[in-house]
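Each structure below appears as C-alpha cells.
Below, subunit A partners subunit B and then partners subunit C, in two separate complexes.
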Partner chain A sequence: MTPELGQLALILALLLAAAQGVLPILGAWRGNGALMAVARPAAFGQALFVALAFAILVAAFLGHDFSVQYVADNSNLALPWYYRIAAVWGAHEGSMLLWVSILDVWTLALALFGGRLPEVFRARVLGVLGLIAVGFLAFILFTSNPFLRLLPMPPDGGDLNPVLQDPGMTFHPPVIYMGYVGFSVAFAFSIAALLGGELEQAWVRWARPWTNVAWAFLSAGIVAGSWWAYAELGWGGWWFWDPVENASFMPWLVGTALIHAQAVTEKRGSLRAWTILLSIFAFSLSLLGTFLVRSGVLTSVHSFASDPRRGFYILCFLILVVGGSLLLYALRAPKVAGGKAFRPVSRESAILVGNLMLTVAAAMVLLGTLFPLIGDALALGKISVGPPYFGFLFTLLMLPVVLLLPFGPYLRWGKGETPMLKQVLLRAGLAAAACAIVACFLVNGQAKAIAGVAGAVWVGAGVLLYAFKRWREMPRGRRYPAEMAGMLLAHAGVALFLVGVLLSESLSVTRDVRMAPGEHQQIAGYDFRFDGVTETRGPNWRAEQGTVIVSRGGTIVATMHPQKRSYTREQVQTESAIDPGVTRDLYVALGEPMDKQHIEGAWALRLYYKPFIRWLWAGGLLMMLGGFVGACDRRYRQRRAATVVSAAASEPAMPPALEARA
Partner chain B sequence: MNPTRKRRLIVVLLIFAASAVAVSLGVFALQRNMNYLFTPSQVQRGEASNYPTFRLGGMVKSGSIQRSNDSLKVTFTVVDADGNMPVEYTGILPDLFRDDQSVIATGHMDHARFVATEVLAKHDETYMPKELKDAMAKAHQGRAMPANADQGESP
Partner chain C sequence: MSRLAPLLGFVLLAALLGFGIWWNSGHDQREVPSPLIDKAAPAFVLPRLDDPAQSVSRASLLGKPYLINVFASWCIACGEEHPVLMTDGKQIGVPLIGYDYKDDPAEAKAWLAEHGNPYDTVIADREGRSAIDFGVYGAPESFLIDAQGVIRYKHIGPLTPEVIASELKPAIDALQREAH
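Let's turn to the complex of A and B:
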C-alpha cells in the first residue's frame, strides 16, 4: 500500500509544481498579486509531497520491501542499513527522485529567505524553479517510476552497484546533485530578470551566495568522485576524462566563470548579459550532465541501464530548456545589458579573459565528449576521443588563467595601475623562479614537475602578497571580509592543485608486476614484499585479500591489504590498499591470480608510488571551502536599502577609495 | 571610420583570430586522438589498414586466454560472427575479463596479431556496449546480437 502512496505523492507534487510554475509567472506578467502569491504555498506543498515520496522510498529500502521493483533490484537482505539508504540514489529512478528533492531544498530556501526580493521578481524565480520541477517530476512519473511493483515478490533482492558500496561514495551523488541543481537558482534568477526586462545589481548580489554555494558543492562532489576513482577503480588514476566526469566538470568550469562574472555585475553593473548567458549555460550543462549519465548514450563507468524513451524525454526537455532560454535571451538581453565601461588593464578585463578561457575550455570538453555521438550521427564510424586531446587543450587554455591569477586582486575596477602590477610580477616571478631552480635539482629535470612547482609558487606567492598587503593597509576587522577570504582560499587551492597534479603526474612510479609469495620489488626506495593471498569475508561480499609489507631502509613503513571483492551477483570490485602521506602515497592493487585454481600462488599486482597526489584533492577542497566562506559575506545578508543600489554604495562599510580595491 | 567603429572592428577581428586559433588547435588535437572501433572481420577485410592505432571490439573466444609463465604477457582471441583476431597484451586485465565476454582493446597491428595497450571489459555476458553492438551488426547484417544492456565498466 505505501509504495502507491509514494506514487500518489509524486502525482500531487507534479500538480502543485505545475501551479507553482504557471500561475506566478502569469501573475507577474499581468500584475496580479493573488496569482503571484500562489508561488510560496505551492512551493511548500510541492516540497512536502516530494519529501514524502522520498521518505517512503527510504522506508521501502529499510524495510526490505522487495515487492517494489526498484528496491528488489538495488538491495538485498545482507546489505547494511547505511548502504540501503545510499541505494535510494544507487540507480536511475531513485537518483531522479533525489534530483527533484534537492531542487526542492533549494526552492524552499528561496521561498523562506527570499523575503527581501521584490514580490514580482520572487514570483518569477519560484515560477521558473516550479517549471523545472514539472519537467523532472513528469520524467519520473512517465518514464522512471521508482514505486513500480514487482509481482510475485522475490524472497531476496539483487544488489547495490558495488562501486557505490564505499563510505565516501555514498555521498558523492547527493553532493554532485547539490551543485548541479544549485545552478538552477542562478538560472531562475536570470530567466526572471530576462522576463522582467531588467537586472538590478542588488539582485545579482542576492544571487551570488547561492551560486557560490552551488559551485562549492559541485567542487566537493568532483573531488569526491576523483578520490573515489583513485581509491576504488584500482588504476591509481584520479581523472580519466570519462564522459561522466566531463559531465560534472563542464558545469564546474562554466560555474567558475559565472561566479567571477557575477562579481563584476554586482560591483560594477558591467557584463550583465554575459552573466545571464553564463548562468543559462551552467544550468544547461548540468541538465546535459544528467542526460549523459542517465541516458546511456555514452558508454562510461557511470551509465545505468538505458531506455530510449528516457533519453528521448531528456533530450526534448533539454532542447526546450536550452532553446527556450536562449530564445528569451536573444529577445531580451539587449534590454538588460549595460554597465560601466572599463579599460583594457582593469580587474574586469582580467576576469573577462579568465571567463573566456574557462568557457572555451568547457566548449572544448563538450566537443570531445559529444564527438563520438556526432561521429555516429554523421556516419564517420565508431570514434572515441582519447584523453590526450583533453589534457593538451585544457593545459593550453588554463595557462593564461594561471598566469593572470595573481594580478586579479591587485587590479582596480575600471582602470588598473601598472606599477603595482610590475611589483607583483617581479616578486611573485622571482619567488617562482627561485623555487623552480631548487626544484630542478630535486626532481631530476622533469619539466612537468618544475612547471608545477613554478606555477604553484607563482599563484601562491601572488595570493600571499595580496593577503599581506591587505593586512598592512587595512584596519583590523576589515582586512579579510568573508568574500575576500573566500577568494584567497580558493586561489590558494589552485596553487595546491597545481603542485598535486604536476608533481604526481611527472614523478609517479607505476609498475604492474607478477609476484609470487615472498618476492620483493623495489620502487622509489621502498621495498614491497608480497606475502600471498588469503580468503576473507564481509557482510555481503567475500574477498581475496593480499598482504604486502612495505619497508624502507629495513624499517617497516606499512602493511597493506589490497582486496578483490566478489559481491552477491558475481560483481567483482577491486579494493586497493593505500598508505597515505603528505608527500607520497603508496598504492597496491590486486590484479589477478596467475592460476585461477591456486590463489595462494603468484599474482599480478599493481604497485604505485604517487608523490604529492593528496595535494590535488586538498587544493580542490580549499576551492570548495573558498566557495562556502565567500557565500557567508555579511554584505549578502544586509537588508535592501533601496531598489536601485549603485556600485559605490554597495559597500557602505568601506570608504570609497578603498572600495575600489576590494 | 570613427574611433568607436575602429575599436569595435579591432575587437571583432581579435575575437575572430582567437576563435580561428582555438578551432584549429581543437581540430588538430581531435584528429590526433580519435580512435576508430573495428571488429575482427572488419580488420580482416582491411578496413582498419589506414589507421596506425585503433580499437578492436568483439568477444573473447572461449578457452583462448593463455598466460605466460614468467611475465604478465597474455594472449587471447577476439571473435565476432565471421572473423577472429589474436591479441597480445602485457599487463593486468580488468576485473570482468573472461571467456565469452565482450571487450574493447586499444592498440595496433603487428603482422597478423593485434598488440593491445589497453583492454576494457564490460559487466556481465549479456551486456554489450552499444557502439560495439552497432559495429558488429554493421559488419554482418542480419544476425542476432545480444541486445540486453547493463552498466559498463571502464577505467
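Let's turn to the complex of A and C:
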C-alpha cells in the first residue's frame, strides 16, 4: 500500500508544480497579485509531496520491500543500511527522484530566504522552477517510476552496483546534483529578468550568491567524483574525460565564467546579455549532462542503464527548455550594449578573456564528447577522441587564464594602472622563475613538472601579493570582505591544483609487475614487499586481499591491503590500497592471480608512486570553499532592503547612487 | 541576427542528439567492427587436437567457407554457448572449426567428451600466438572465413540462436549467393 502512496504523492506534486509553474507567471504578466501569491504555497506543497515520496522510497529500501521493482533490483538482505539509503539514488529512477528533491531544496531556500525579492520577480522565479519540476516529475511518472510493483515478490533482491558501494560515492550524487540543479536558480533569475524586461543589474546581484553556492557544490561534487575514480577504479588516474565526467565538467566551466561575468554585470552594468546567455548555458549544460548520461546516446565506463524512450523524452524537454529560453533571449535580450565603457587594460577585459577561454573550453569538451555521434551522423565510422585531444586543447585554452589570473585583482574596473601591473609582473614573475630554476635541479628537467611549479608559484604569488597589499593598505575589518576572501581562496585553489596535476602527471611512477610472495620491488626509493593473498569477507562481499609492506631505508612506511571484491551477484570490484601523504601517495592495486587455482601464489600487481597528487583535490576543495565564502558577503544581505524599495517602486531602473557605490 | 546565433547552434545540437537516439535504437553501441573484416585471415598452422601430428593451416582450408569458433575448457561463457553449437551450430551449412584457445589438450578433450563435440575439426593453439594475429579478445569468439580465406564476419561473445538467425545466417547466405 505504501508504495502506491508514494506514487500518489508524486502525482499530487506534479499537479502542484503545474500550479506553481503556470499561475504565478500569468499573475506577474497580468499584474494579478492573487495569482502571484500562489507561488509560495504551491512550492511548499510540491516540495512536501516530493519529500514524502522520497521518504517512502527510503523506507521501502530500509524495510526490504522487494515487492517494489526498483528496491528488488538495487538492494538485497545483506546490503548494509547506509548503502540501502544510498541505493535510493543508485540507479536511474531514484536518481531522477533525487534530482527533483534537490530542485525542491533550492526552491524552498528561495521561497524562504528570497523573501526580500520584489514580489513580481519572485513569482516569476518560482514559476520557472515550477515548470522545470513539472518536466522532471512527468518524466519520472511516465517513464521512470520508482514505485512500480514486482509480482511475485522475490525472496531477495539483486544488488546495488558495487561501483557505488563506497563511502565517497554515497555522497557524490547528492552533492553534484546540488551543483547541477543549483544552476537552475541562476537560470530562473535570468528567465524572470527576460520575461519582465527589467534588464538592470538588480537581478544579477540577487542571483550572485545562489550561483556561487551552486558552483561551490558542483566543485565539491566533481572533486568527490574524481577522488572516487582514483581510489576505486584501480588505474591510478583521477580524470578520464569520460562522457559522464564531461557532463559535470561543462556546466562547471560555464559556471566559472558565469560567476565572473555576473561580477562585471553587477558592478559595471556591462556584459548584460552575455551574463544572461551564460546563465542559460550553465543550466542547459546541466540538463544536457542529464540527457547524455540517461539517454544511452553515449556509453561510458560508469553510465547507468539507458533506454531510448527516456532519451526521447529528455530530448523533447531539452528542446522546450533550452530552445524556449534561447528564443526568449533572441526576442528580449538587451538591445544596446549598456554599462560603463572599459579600456583594453581593465578588469572587464581580463574577465572577458577568461570568459572566452572558459566557454570555448566548454565547447571543446562538448565537441569531444559528441564526437562519436558526429562520426556516426556523417558516416565517418566509429571515431572517438580521448585524453590526448582533451588534455592538449584544455591546457592550451587555460594557459591565458593562468597567465592573466594574478593581474585580476590588481586591475581596476574601467581602466587599469600600468605601473602596478608591471610591479606584479616583475615580482610574481621573478618568484615563478626562481622556483622553476630550483625545480629544474630537483626534477631532472621534466618540462611538465617545471611548468607546474612555475605556474603555481605565478598564480600563488599573485594571490599572496594582493592579500598582503590589502593587509597593509586597508583598515582592520575592511581588509577582506567575504567576496574578496572567496576570490582569493578560489584563486589560491588554482595554484594548488596546478601543482597537483602537473607534478603528479609528470613524476608518477607506475609499474605492472608479477610478484610472488616474499618478492620485492623498488619504486622511487620505496621498497614494496608482497606478502601474498588471503581470503577475507565483508557484510555482502568476499575478497582476495593482498598484503604489501612498504619500507624506506629499512623502516616500514605502510602496510597496504589491496582487495579484489566479489559482490553478491559475482560482480568484481577492485579496492586499491592507498597510503596518502602530503608530498606523495603510494598506491597498490591487485590484478589477477597467475594461477586461478592457487591464489596464495604469484599475482599481477600495479604499484604506483604519485607525487603531490593530493594537491589537486585540495585545490578543488579550496575553490569550493572560495565559492561558499564569496556567497556569504554582507553586501548581498544588507543592500537587499534598499534594492527592494527601488525595484518595487519602478521595476526597470536602479538608483544610480547604488550603482556608483559598487 | 547575433542574438539568434545561440538558438541556431542549439537547433543543430538538438538535431544531432535526435539523430543519436534514432541511430542507437538500431545499433549496438558496444560493437567495434574488427579491422580484420574483409581482410585475409592471418596465416596459421596449428596442430589438430585429436591428432597433434597432423596440422591444419589457412592454406589447407581454402576453397570452402568455414566458421572458426574460439573456445576453451576453462571458459564459462563457452559452456553456455556449447548447447547452441550442438543444435543450431551444426545446421549453419559450413564446416565448424573449433579453435581451442590457451588450453590444456587433455582437459579440452575431456570437456568435448563430456559436453559433445559439435566441431568438424578442432585445432589447438596452446600458447595463443595465432590468436593474437586474429585479434582474439577472449573466448568465445567466432570468425566466418570465405573460400578465398577472407574474414567476412566476426562475433565476440557466445553465439545465441538470435545471433545465428539474425547475423551469422545472413552472412553465410550472402557467401553462398556470391558463389553461384
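Everything that follows uses one rule, which is that the second predicted complex is superposed on the first by the 636 of 662 C-alpha atoms of A that agree within 3 Å, B and C clash if a C-alpha of one lies under 4 Å from a C-alpha of the other, contacts with A are read in each partner's own complex, and residues count from 1 in each chain.
In the analysis below, contacts are C-beta pairs under 8 Å (C-beta built on N, C-alpha and C of every residue); 3 or more make two chains touch, one makes a residue touch a chain.
All values reported here derive from a predicted model rather than from experimental measurement.
Overlay on subunit A: subunit B and subunit C clash in the combined arrangement.
Once the two complexes are overlaid on the shared chain, A:R514 sits against subunit B while remaining clear of subunit C. Look at A:P344: by the touch rule set out above, it reaches neither subunit B nor subunit C. In the overlay built on the shared chain, the residue A:P419 is in contact with neither subunit B nor subunit C. Subunit A has more of its residues touched by B than by the other of subunit B and subunit C. In the superposition on chain A, A:P152 makes contact with neither subunit B nor subunit C. Of the two partner chains, subunit C is the only one touched by A:A273; subunit B is not. When both complexes are overlaid on chain A, the residue A:G323 reaches subunit C alone and has no touch with subunit B. Of the two partner chains, subunit B and subunit C are each touched by A:D376.
Listed for subunit C are the stretches 2-10, 56-64, 110-118 or 128-136, of which 128-136 clashes with subunit B, judged after superposition on chain A. Residue overlap on subunit A between its contacts with subunit B in one complex and with subunit C in the other: 296-297, 299, 376, 381-382. The touching residues of subunit A, counted against subunit C in their complex, run 273, 277, 280-281, 284, 291, 295-299, 308, 311-312, 315, 318-319, 322-323, 326-327, 329-330, 333, 370, 373-374, 376-377, 381-382. Against subunit A, the residues of subunit B that register as touching in their complex are 22, 25-26, 29-30, 32-38, 55, 57, 67, 70-72, 91-93, 95-96, 123-124, 129-132, 134-135, 149-155.
In the complex of the two chains, the subunit C residues touching subunit A come out as 3-4, 6-7, 10-11, 13-14, 16-21, 23-25, 27, 29-30, 32-33. By the touch criterion given at the top, residues 161, 233-235, 237, 240, 242, 296-297, 299-306, 360, 364, 367-368, 371-372, 375-376, 381-389, 392-393, 396, 512-514, 564, 570-574, 591-592, 594, 604, 606 of subunit A touch subunit B in their complex.
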